[in-house]
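Two complexes, one shared chain (subunit A), two partners (subunit B, subunit C).
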Partner chain A sequence: MKRLALFALLLLLAVLALYPMRGTGYGVRFMLQLFMWIALAQSWNLISGLTGYVSFGHIAFFGMGAYTAGILIVKLGWPWLWASLAGGVGAVVLALVIGWPCLRLKGPYFAIAMLGLNEVLRVAVSYFEGLTGGGSGLSLPALYASVPIYYAMGVVALAVTGLAYVIVTSRFGLRLMTIREDEVAAEAMGIDTFRYKLYAFLLSAVGPGIVGGLAARDQSYIEPISVFPLIMTITMIVMVLFGGKGTIWGPVLGAVLLFTLQEMIWARFIYLHQLLFGAIIITVVLLMPRGILGVLQQKYHLPRTI
Partner chain B sequence: MAALLEVDGVVKRFGGVTAVNGVSLALEAGHIYGLIGPNGSGKTTLFNCITGVEQIDGGQIRFKGRRIDGLKPHQVFHQGIGRTFQVIRVFPELTALENLLVVTTNDYEAARARAEELLGFVKLTGLAGEFAGNLSYGQQKLVEFVRVLMTDPELILLDETAAGVNRTLLNDLLEAVRTLRDRGKTVLLVEHDMKMVMGLCETVFVLDHGEKLAEGPPGLIQTDERVIEAYFGR
Partner chain C sequence: MLGQVVISGLLAGALYSMVALGLGLIFGVMRVLNVSHGPLLMLGAYTTFWLFQWWGLNPYLSLLVTMPLLFVVGVVLQRLFVSRVVDAPELSSLLLTFGISIALVNIAQLAFTADLRSVEYLTGSFVLGPFAFSKSRVIACAFAIVITAGAFLFLKMTRLGKAIRAVSQSREVAQVCGINVARIHLIAFGIGSALAAAGAPSSRSWSPYSPRWGRRIPSSPSSSSCWGARGTIRARSSAASSSASSSRSPRSSSPPR
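Presenting the complex of A and B:
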């Protein structure tokens, strides 16, 4: 069974690796965005799904990565791949600066603090016009690189999912879960909860930072409202809740299902789109708070490590 | 030689309420101590002060001669003080086995062997893979009890661990506590079950309104006028 799953996974990866040779331009761009959403949802899962510390401003790391990469490309002429990796570094530095004070806050207060962070960053970026172009945005030199960006996004999505696998199957991951389960008891059992939360938080910022940089390159134009939108944070959260928080494949499943739905159906009903989204949130929270994989886990006694 | 744990004039206030008011007690290694008192007398608060959950407002706490007040709970734990909670605090969505595994950072195989041994000791081997939250109240208490033993702490604080555990298991539990004592460990337990306290403890401390009312062997405590008054009124 395990070998079969591994074989299927490798086959899927091979198909995805070959896809740009046969796929249409639209198809490649669709997949590229799907990879981005997998990386974002999986990253949110690392901090919020495992430790229970809900980050309501996780897109701030995406925006940080986008602006770091954008500025490096425009002002210093960096190649986009290096600039995007630097975006990941920028996001981690931001996570360290923000996490140090904010992770001492308990649950709901942390969520609000993160929400505030995103709003503050958006305003700050608008303010420093000389560097960021302010409210009128930052235009990157024209470049058609959908296929290389497709691969880069795919590698990030795979790497973040691999990271989730390593964490969830380790005692490090179990300790992160003890914070979600009962932080007081975790402390009493010798777990330095602050340090563990900080590690998870830093790891959860890398992916969004890098894909933020890649998205900036892909779109060739960034502005404060396009890279710090609250709706993107909400989308990642819904993807994770829908697929199954705290699992390895739940965020992937949630991203695939919701992003596909969004592209296939909702795009034709612009106004219904948000209504449907709201309906899904309510349905998930009320009827299956553990998400699809969570329900399957309980019903069929599957291991946590799926 | 100094006592293993010295609580020296500890004060803890919550707003205008003084929950612990200048309590001093000393625990020698290798003994079982009891901590009793009416509801609200400060027993659990004192536990929280010792384990770093609450920061004290006055006095000192020393463990093996070193001050531990001001340390964080996880640091206190690594000094060699383990505790259980009055209200169950297992990790419900971790299995019974995982509840124990998270405690140590040393070699995985060794940790697993130790965890399985401890679960066997409280007869929960068959439930090792079950989510702790699905176990019965008494079973969860037992998981919490053996979880503390994972790192073999020198001082173990038990907050009403026996409550809700059935007779047969209770006897095993008492036996386990005695075995720990015989191996040189020190136990301080809060219990409401007087029979258990009297049968198990060598020294009993009585708290009332945050102050230490009496201290001595169980037989003497039972006949102490002030203790009787605190429990039953004048």
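Presenting the complex of A and C:
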């Protein structure tokens, strides 16, 4: 069974690796954005799905990565791959600065603090016009092929999912889940909760940072409102909830299903898509807060490494 | 210049504090951070606009329509959706009210189009020495003070107000004392929404706006609510005034997107 699953996974990866040779331009771009959403949802899952600390402004790391990479590419002429990795580093530094004070907050206050971080960054980026181009944005040199970005995004999505697997199956993951279930009990058992929360937070910032840099390169133009939108944070949270919070494959499943659904809605009902998206959010929250995999896990006693 | 900023900030702060009062009431009673507070204000603002447009109704008089209307909208939202997540982790209520918020904005865009609208009412300023007091803001400030004081007296003096405070202090004890907690939740959400609508005539008269604007305003009221959420109404009002005067610098007073 396990070997079969591994074989299927490798087959899927091979198909995805060969896809750009046969795929249409739209298909490649669709998959590229899907990889981006998988990486974002999976990263949010690392902090919020495992420790229960709701990051309500996780897209701030995406924006941080996008601007770090964008500035390095435009001002210093770095190649996009290195710039994007630097974007990941930038996001981790931001996570360290913010996580240090904010991870001591409990309950809704952490969520509000993260929401505030996103707003503050957006305004700060608009303010420092010399570096960031301010409200008129930052134009990157023209991009001729999106296939390299496709592979880079795919590798990031795979790496973040692999990281989730490693964490969930390790003692570190167990500690994080103990914090989620009962933080006081975790402390009583000798877990340095603040330190582990901070580690999880830092790890959850890497993916969005790199992906932000890649997305900036892919779109060739970034502006404050396009890289710090609250709606993207909400989208990745809903993806994780839909698939199954705290599981390994839940965020992937949620991202694939929800992104495809959104694309279909967007194409058919252009005037109604926000209303329908709102309806999807309400439905997911009210009817299946445990997500698809969460329900299956409970019903069929599936292992937690799913 | 600085004095002018402080004056504008204090005048706007009174209004923000009134709007945030509704948000704080909902948060205090149910521990639900209502992200859809801004869109509710936006609905109130559109009602004001159409009443003004069709019948030339004075924006402040139209509150007699908009506040009860938003009370009903709030009660319906609470009954249908929010009541189901009151005891769930905070993520559920945040997401749920966000879903309501984008749905409301989209409905408003379909119904009213995305055009910028404004009510031409009380334009111009009183000039006093070197300072200008915008007429609409002075009236808005006075009105906000009256409403805030009214809400304060309501919570302090009436039986219903006492019941609301009791539920926010301890739901279990309130229930044991014979208070119908679910009903108090309905009323609190209704009053919170009505207080959002109370901001409609004032804010409408100094900047034009569109449905999307409803999603952008909550950043100020929600920040002041989290400053004042734990404290009293008085703390909340002062937090709103100070955050408004800090955010109302000339740079940020450009029209909202």
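Operating definition for what follows: the second predicted complex is superposed on the first by the 305 of 306 C-alpha atoms of A that agree within 3 Å, B and C clash if a C-alpha of one lies under 4 Å from a C-alpha of the other, contacts with A are read in each partner's own complex, and residues count from 1 in each chain.
Note that in this section contacts are C-beta pairs under 8 Å (C-beta built on N, C-alpha and C of every residue); 3 or more make two chains touch, one makes a residue touch a chain.
This structure is a prediction, so every number in the text was calculated from the model and none was measured.
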Review point. Do subunit B and subunit C fit side by side on subunit A after the overlay, or clash?
Key: fit
Practice item. Quick one: classify A:141 as touching subunit B (first), subunit C (second), both or neither. Key: neither
Check your understanding: Once the shared chain is lined up, is A:275 touching subunit B (first), subunit C (second), both, or neither of them?
Key -> second
Revision key, fill the gap. Between subunit B and subunit C, as viewed from the CA centre of subunit A after superposition, lies an angle in degrees, nearest 10, of 80
Practice item. In the overlay, answer first, second, both or neither for which of subunit B and subunit C A:234 touches. Key: second
Review point. Is A:79 touching the first partner subunit B, the second partner subunit C, both, or neither of them?
Key: neither
Review point. Who does A:27 touch here: subunit B (first), subunit C (second), both, or neither?
Key: neither
Check your understanding: Which partner, once the models are overlaid, touches more of subunit A's residues, subunit C or subunit B?
Key -> C
Study note, to complete from the structure: Least Cα-Cα separation in the three-chain superposition, subunit B to subunit C, whole Å, stands at 15
Check your understanding: subunit A touches which residues of subunit C in the complex?
Key -> 31, 33, 81, 84-85, 88-92, 94-96, 98-107, 109-110, 219, 222-223, 226, 257
Check your understanding: Which residues, counting only subunit B, touch subunit A once they are in their complex?
Key -> 51, 53, 72-74, 77-78, 83, 85, 89-94, 98, 101-103, 105, 108, 111, 147-148, 151
Practice item. Spell out the part of subunit A that touches subunit B in their complex, as residue ranges. Key: 171, 174-175, 177-178, 180-182, 184-193
Point to revise | Of all residues in subunit A, those that touch subunit C in their complex | key: 48, 52, 54, 56, 107-109, 111-112, 115-116, 119, 225, 230-231, 234, 237-238, 241, 271-272, 274-275, 277-282, 284-286, 289
